[in-house]
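Consider the two complexes below, in which subunit A is the common component and subunit B and subunit C are the respective partners.
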Partner chain A sequence: MGVRRVAIVGYAQTKHQWDMPKTREDMVFEVAKGAAEMAGVTREEIDTVINASSDYLDGRTISELFLTMPSGAYLKDYTKTEMDGAFAALYGVMKILAGTHDVALIVANTQGSTFNPHQVSYHMLDPTFDRQLKVLNDMAIAAIQARMYMDKYGVAEEEVAMVSVKNLWCAAKNPNAHRKMPGVTVEDVLGSKMLYEPIRELMMSPVSDGACAVVLASEEKARKLTDNPVWIEGVGSSQDFYVRDRNLQRLEALEKAARRAYRMAGIKDPFAEIDVAEVTERYAHEELMIYEALGFCEEGKARRLVDNYVTWLGGQMPVNPSGGALGADPITATGLIRIVEAAKQIRGEAGAYQVPEVRRALAHGQAGICAQSNIVFILGGEE
Partner chain B sequence: MSEEEIVRAKSPIPFSAGFRWSVGEVMEHFIKSLGERKILGGKCPRCGYTYVPPRNRCGKCYSEIKPENLTELSGKGVLVGYTIAHVELDGVGNIKDLEEPLVIGAVKLDGADSTIFVPIGEVKPEEVKSGMRVEVAWREETEGEIGDIKYFKPAG
Partner chain C sequence: MWRNVAVIGVGQTKHGRRRDVNTAEMISEAAWRAIEDAEIAPEDIDAIVIGNMQGFGGICQAELWAGDWIGAPGKSVLRVATGGTTGGSVAQAAMYSVISGLYDVVLAIGFEKHSDSKEPGATTGLAHVGLANLFYMFNYGAPMRALFALSGGVGAAAGVSSYQAMFYMHRSGCRIEHYDMVAAKSRRNAAKNEYAHLQWPNCTPDDIAKTPMVAYPLRFGHICPASDGASAIIVASEEIARRVDRPAWVKGLAACADEENQMGENAQGVGILDTSEQLQCRIAAMKAYEMAKIRNPREEIDVAEIYQPFPHQELMYAEKLMLFDDGKAWIALEEGETEIDGRIPIDPSGGVLSTNAIGSSAMQRVAECALQIMGKAGKHQVPKDVKNAVAHGWGGSTNFTVVTVLGDAPRR
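Let's look at the complex of A and B:
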C-alpha cells in the first residue's frame, strides 16, 4: 500500500467582524455548508467532523452545544478540540492518513464579542501563583516579550509598527477581514492608544467574530471531487513550557513545529522553497519572531525583512497578504483561516491580494499565552 | 438590524465561583515559607534546573522534584524585562485606564532558572531598566500566602 495523501477540497469563511448580527450556529451553518458545497460533498459523504471552539471564550461549558446540527455532525464520527482549528485540521489529516476515513469536515468558530478574550487570558494563567498576583494577562506578557525581544536585537518601535501597517493595508484588500485601514501609517500606529508599553492598540489583533470550515479528502476521493486539489505536504506541531520557564526572546516551539513540517514536505531551504506564508501574529512584534522561528532569516534579523519590504505584498516572501490576525482574529478560527488563505493563494483565488505564481504556501496556527502551542502546515498545488 | 433591534441573551458568566485547587506538596512548602519571608525554589535533582515557584516534576528532563529538593533563594534577582501598564482588566471584561501607570516586571531570581512576573514598586516608570537589580518587598504582616509578596523593588 502506498502512502496516502490528503488534500483540501473545499473551504469557506465568514466576513469577520465585531459583534456579528448572527448567532454562532448561523455562522457555523454558513461556513460548514459553504465548504461542503465547494467540495461538492453532501452531509452523507462526510465521514468525520471536528470542531474547534473554546468553552471559556464562548461562555458555556461544552462550547459545541448546538453546533452538531449546523455543522452536520449529529450521529457522525465527531470530536472537538479546545485549541485552534489548525490543530483540528491535523486530527482530520490523521484520520484520513490512518485509512479509516475519506472525508473530514473541520469547523472552527469564536465570537470574541461574547466576552473580552483578554479577560479570558487571565484564566489561562497558573491559578496557584500568577492569578494570585493579579497583574498578568496575555497583553502584559506579550508586552514584556516585545520589550525583551526589541532590546535584545535593537528593534525600533517604528519597525514593529511597520508590521501593523503592512498587514492592515493588506486587510483592506481582503473582503473577509475585520480591521481594514487602507493608508494607515506608522505614525497612526504609534499614535494609537498605549495599552502595555510598547504595545499599542494597532499592534494587537482586534477582537473578532468569525468562523471557518475546511473539507479534507483522501487522494482517491479528492481526484474525483476536484481538478484543483491543494495537497497537505507537511505538518508539524509543538508545545513550549509554561511562560515562566520559556526563553521569551524566541519561539522555540514554532521552530520545532516548522522543522517537523519542513522535513515531512522535503523542504531544505524554506525561504527559497516557500512562496507565501500566512501566520497567526496576535501582536505585531510576534510576526518578526515568527520569521526567525520559521527560518526565513537569522535570529535577530527579522526587522530587515520588514524594513526592506521582503515580506510585503510584492516582496520576495509575502507574509500575511490576507492581513493576518492583525486584520481579523476570531481566535479558534484564526489558524484555520490561515490554511484557507494559503490554499486560496495556491489556487489563484486571492483577488486583490494574490501573490503571483504560488506553488507552495505555509500556514501557521497558535494557541496559548505568547504562542505557547504552534502548528505549521505546508500546502502545495499540483506538480 | 439596528443595535436597538438586536435581542441579546445575557448571563453573568464567568460567575464568581470559588474554585479550589490542590497546590501540591512542594508548592505547599513554598506558600507556607512566604509567611517566614523565605522564597523557595525547586531544584531538579537530575538536571539542576531550578523552578520558582517550585513544581513537583521537571518538564525539561522528566523527573520528580521532592520536598528535599527545595532550596532557599535570597529573594534578590535581575529584572530581565518589563512593561509599563497604562490599562488594566477589571475582572469582568472591561479594559480600564489606570490613574497611575503600573510597572510589571519579569524577574530572574538569583539561583533560579524560571522567570517570575511580578509588580515592581518604589520606582518611577521612566527609571525602570532591564538588567537592574531588584528584591522582594514583603507586606507588613506575612501570613503564608502568595499575597505576602507585595511587589519587587530596586535592590538596596
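Let's look at the complex of A and C:
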C-alpha cells in the first residue's frame, strides 16, 4: 500500500440507543476524547479531523459546524464527508498516505431519533421522477430487492429470519449495541410487525442514536504510540447505478470494492484468508447478498452459510459477531463502527463476542439506498 | 508520501437561473466540459469527489441518482460538504486522492441549484445552520430577539456578514465607498466572464451606491446572487499531467477551522466577538504558502481568487492571505492594484459577489486560478505572466477556510 502504511491506534463508540439523553455535541465529545485517550495522543498531536454526518439526518445545515469544538478541531484541518464514516476513514487514510498528515481523527455521528431517516431516504430519490410517484422509500425498495433475491434463489423467509436471529444473539453480548433481544427465535422475527412485504421489523436495522471515533496514524507514529497497531492492509470503494437502473439481485459495486481491497491486501481466497467480517446489513436479506459479493460463497448459495452455522459466532467465518447494523444503526457511524469492531477482534478486545485467533478482518460500510455505494477495509494485526 | 499532482482540466456551466436543466444535467454539463478540456476519456477517471449544500435545492445525496450522468457507476465516489467551503474542500479531497497514490485521475465537482427551492435562494437553508442550537437556549428562557441579534441569525449569511463588515471598517478605517468600489469591480469583471451570473459592463461605484441599504453597511448591490451552476476540475498525477501543455500544478493546500460561534460554545459569551479577526484564514494561508515554498506572497502570488459574497471580504481576506498589510487593502483598491490589469489582480472572474452557486463557488476559485495559469481565462485573462495563484474559500459561520496554491511548475 504505497510507501507509507496506516494503522488504527485508537477508537471509541457510544452506547447506541434510541433517544439518547445527550446532545449531539456531548456525544461527539465523548467519542473524540475516548479515541484520543486510547491512542495516547493529545489534541495538539492530531493533524486533521474528519467528520461524517449528514445535514438531512441531523436536520440542520452544515451539520459539522457546531462540532468543531467537541471534536477537538479548533484551529485544525477540518472537513466532512457527508456519507458513512468508513468513507471518512478512507479520506483520513489518503491524507496520511499523502505524507501531509501523520495523525487523523475520524468522527462519525447520527441521532436517528432527531429526524426519521426513512423519511430522509425519500429525498434521496430522483426528484424529477421517483419522488413524484410518492410510493418509494428505502424500505419499499429494499422489500422489492428482498423479494427478487429470495425468488431467484429460493430463499425462505425463515432463512432470512435466521440472519436476524444470528445477529441479535450477538448484539445481546455487545455492551454498545442498541437492540438487545437475548434468546430471540425465528418465530419471534417472523411474528414481528410486517413493514413492507417481506420485510418485518426485526429484519430491518433499528433507528439508533450513536457516535464513533477512530484515530489513524502513519506507521512511524503508530510504532511510537502503541505495541498493538491494527494495520489497514487494503481498502476499496465503488458506487453502483441508481436503484432504477441496476440489477437489484446482486451487489455489483460491493464486488468491485471488495476486489480492489483484496488486490491491495494481496488476498486471493477471501474465505480462507479472512478470519472475521463486520458488515453493514441494513436488512437481513442484505447480509446474504453481501456474502456473495464478498466472495465468501457462490452466487445464490449464501443461505447455506447461515443454515449451516458457518457465519455464526463459533463458525468458520463469523460475520457480525458484534450484532452488526441489525444490532445498532446510527446511520453515518455504522460503517465506522464496523471498522472499530473488526479492530477489536484483531486486538482480542471483543469480550463475550470475541472470535478466537483473528489475524485478518474485513469491515464494510455502505451509503445510499440498497447499498448503492460500498467500501471495504481489510485490517490486519502485527505479523 | 507526497507526489506532484496538477489540475489538467476545468469545466463550468453558465451560472445564473438555470430552469433549462435539472441538477443531473447541470452537473454533467460541467463534468463533460472538464473531461473534454483535459482531453481524457471518461473511463480514465478513477474516482469522483462531489459536493453541494444538502437541502438548498431540496435534494439529498444527489450523486446517488445524478452519478449515472457522469460515469460514476463502478468508481469510488466521495461526497464532501463543508458549507461555503464545499467546492474548495471537494477540490482538496480530489487532490489528496491523487497525492496519496490511491488514484491517478480524479474528477471533482461542486454544484448548487438554488432556483429549485421555493423561496429565493438559500434563506431557509442558512437559517437552519444555527437554529437547532438556538432552540435549547430558548429552554433557558433567553428571548428570541436577543438570541438572533447575538448570533447574527437574522438575515442568515448577510446577517453574519453585516456585523463583520462593520468590524472590518472599524479595524481598517475604510468606508462604505470602498465596498461600492469592490462590488463595481466584481460586476465589471463578471461581464468579461461568460460563465458569471451578474454581469454589468462599465459598472461604477456610483451605480452600486444608488442601490438600497439592506443591513448596514451592506447595500443591495453589495450582496451576492443565489445562482444555479456547477463547476468541475480534473486532478491528475504528474505522469499524466506531463502530457498536457500547461497544467496548473498543486503547490500547497490547507484548511483550518476556528471556533464556530460568535457567542462561544453554548452561548457562554467567551467566543470570538470580532468576526473580522479570521485567525483560521491566516493559519491556512501560512500552511499553504509554506507547503508551496512561497516566502513572500506579496511578490510571488500573481493573481488571487477570493471567496467574497460580500465586498468587505475581498479586502479582509486579501490581508489574511498576506497580499497586503492588515487594514491596508483598501488603499491598494483605490490605486487600482486589484483590477484585472493591476499589480495583484483579485477575482478577475467577478468572484462570488457576481456568481454564487454555493457548492460551486469555492470550486470556481480553484478552477479560475487554474485557468489563469493555463492561460485559458479568455477575456478576463490577466495580462501578466501567472506563475502562482491562490484560491480561497470560506464557509461555516465564516470560521472555515480553505486555501489552495496553484503554480506553473511542480512543487520542488
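List of remarks:
The rule is short, and it goes like this: the second predicted complex is superposed on the first by the 381 of 383 C-alpha atoms of A that agree within 3 Å, B and C clash if a C-alpha of one lies under 4 Å from a C-alpha of the other, contacts with A are read in each partner's own complex, and residues count from 1 in each chain.
Here, a residue touches a chain if its C-beta (ideal position, glycine included) is under 8 Å from a C-beta of that chain, and two chains touch if they have at least 3 such contacts.
Computed from a predicted model, the values in this text were never measured in an experiment.
In the superposition on chain A, A:Glu64 makes contact with subunit C only, not with subunit B.
Look at A:Thr334: by the touch rule set out above, it reaches neither subunit B nor subunit C. With both structures placed on the common chain, the touch criterion links A:Gln17 to neither subunit B nor subunit C.
By the touch criterion defined above, A:Thr226 lies against neither subunit B nor subunit C after alignment on the C-alpha atoms of chain A. More residues of subunit A are in touch with C than with the other of subunit B and subunit C. Of the two partner chains placed by the overlay, only subunit B lies in contact with A:Met148; subunit C stays clear of it.
When the shared chain is aligned, subunit C comes close enough to touch A:Val93, but subunit B does not.
Applying the stated contact rule after C-alpha superposition, one finds that A:Asp245 touches each of subunit B and subunit C.
Legend: residue contacts after superposition of the two complexes on their common chain; A:His123 is shown touching both subunit B and subunit C. Once the two complexes are laid over each other on the shared chain, residue contacts for A:Ile369 go to subunit C alone; subunit B is not touched. The contact surfaces that subunit B and subunit C form on subunit A in the two complexes overlap at residues 56, 59-60, 123, 127-128, 130, 241, 244-245.
Those residues of subunit A that touch subunit C in the shared complex are 2-4, 23, 49, 54-56, 58-62, 64-66, 68-69, 73-83, 87, 90-91, 93-95, 97-100, 120, 123-128, 130, 235-242, 244-246, 253, 256-257, 367-369, 372-373.
Within the complex, the subunit B residues that touch subunit A are 1, 6, 11, 13-14, 19, 21, 23-24, 27, 49, 51-53, 59-60, 80-87, 89, 91-95, 102, 104-106, 113-119, 130, 145-147, 149. Those residues of subunit C that touch subunit A in the shared complex are 1-2, 22-24, 48, 51, 53-55, 58-61, 63-65, 67-68, 72-83, 89, 92-93, 96-97, 99-102, 116, 125-126, 128-129, 131-133, 136, 253-261, 265, 279-280, 283, 291, 395-397, 399-400.
By the touch rule above, subunit A contacts subunit B in their complex via residues 21, 56, 59-60, 115-116, 118-119, 122-123, 127-130, 132-133, 135-137, 140-141, 143-148, 151, 194-199, 241, 243-245, 248.
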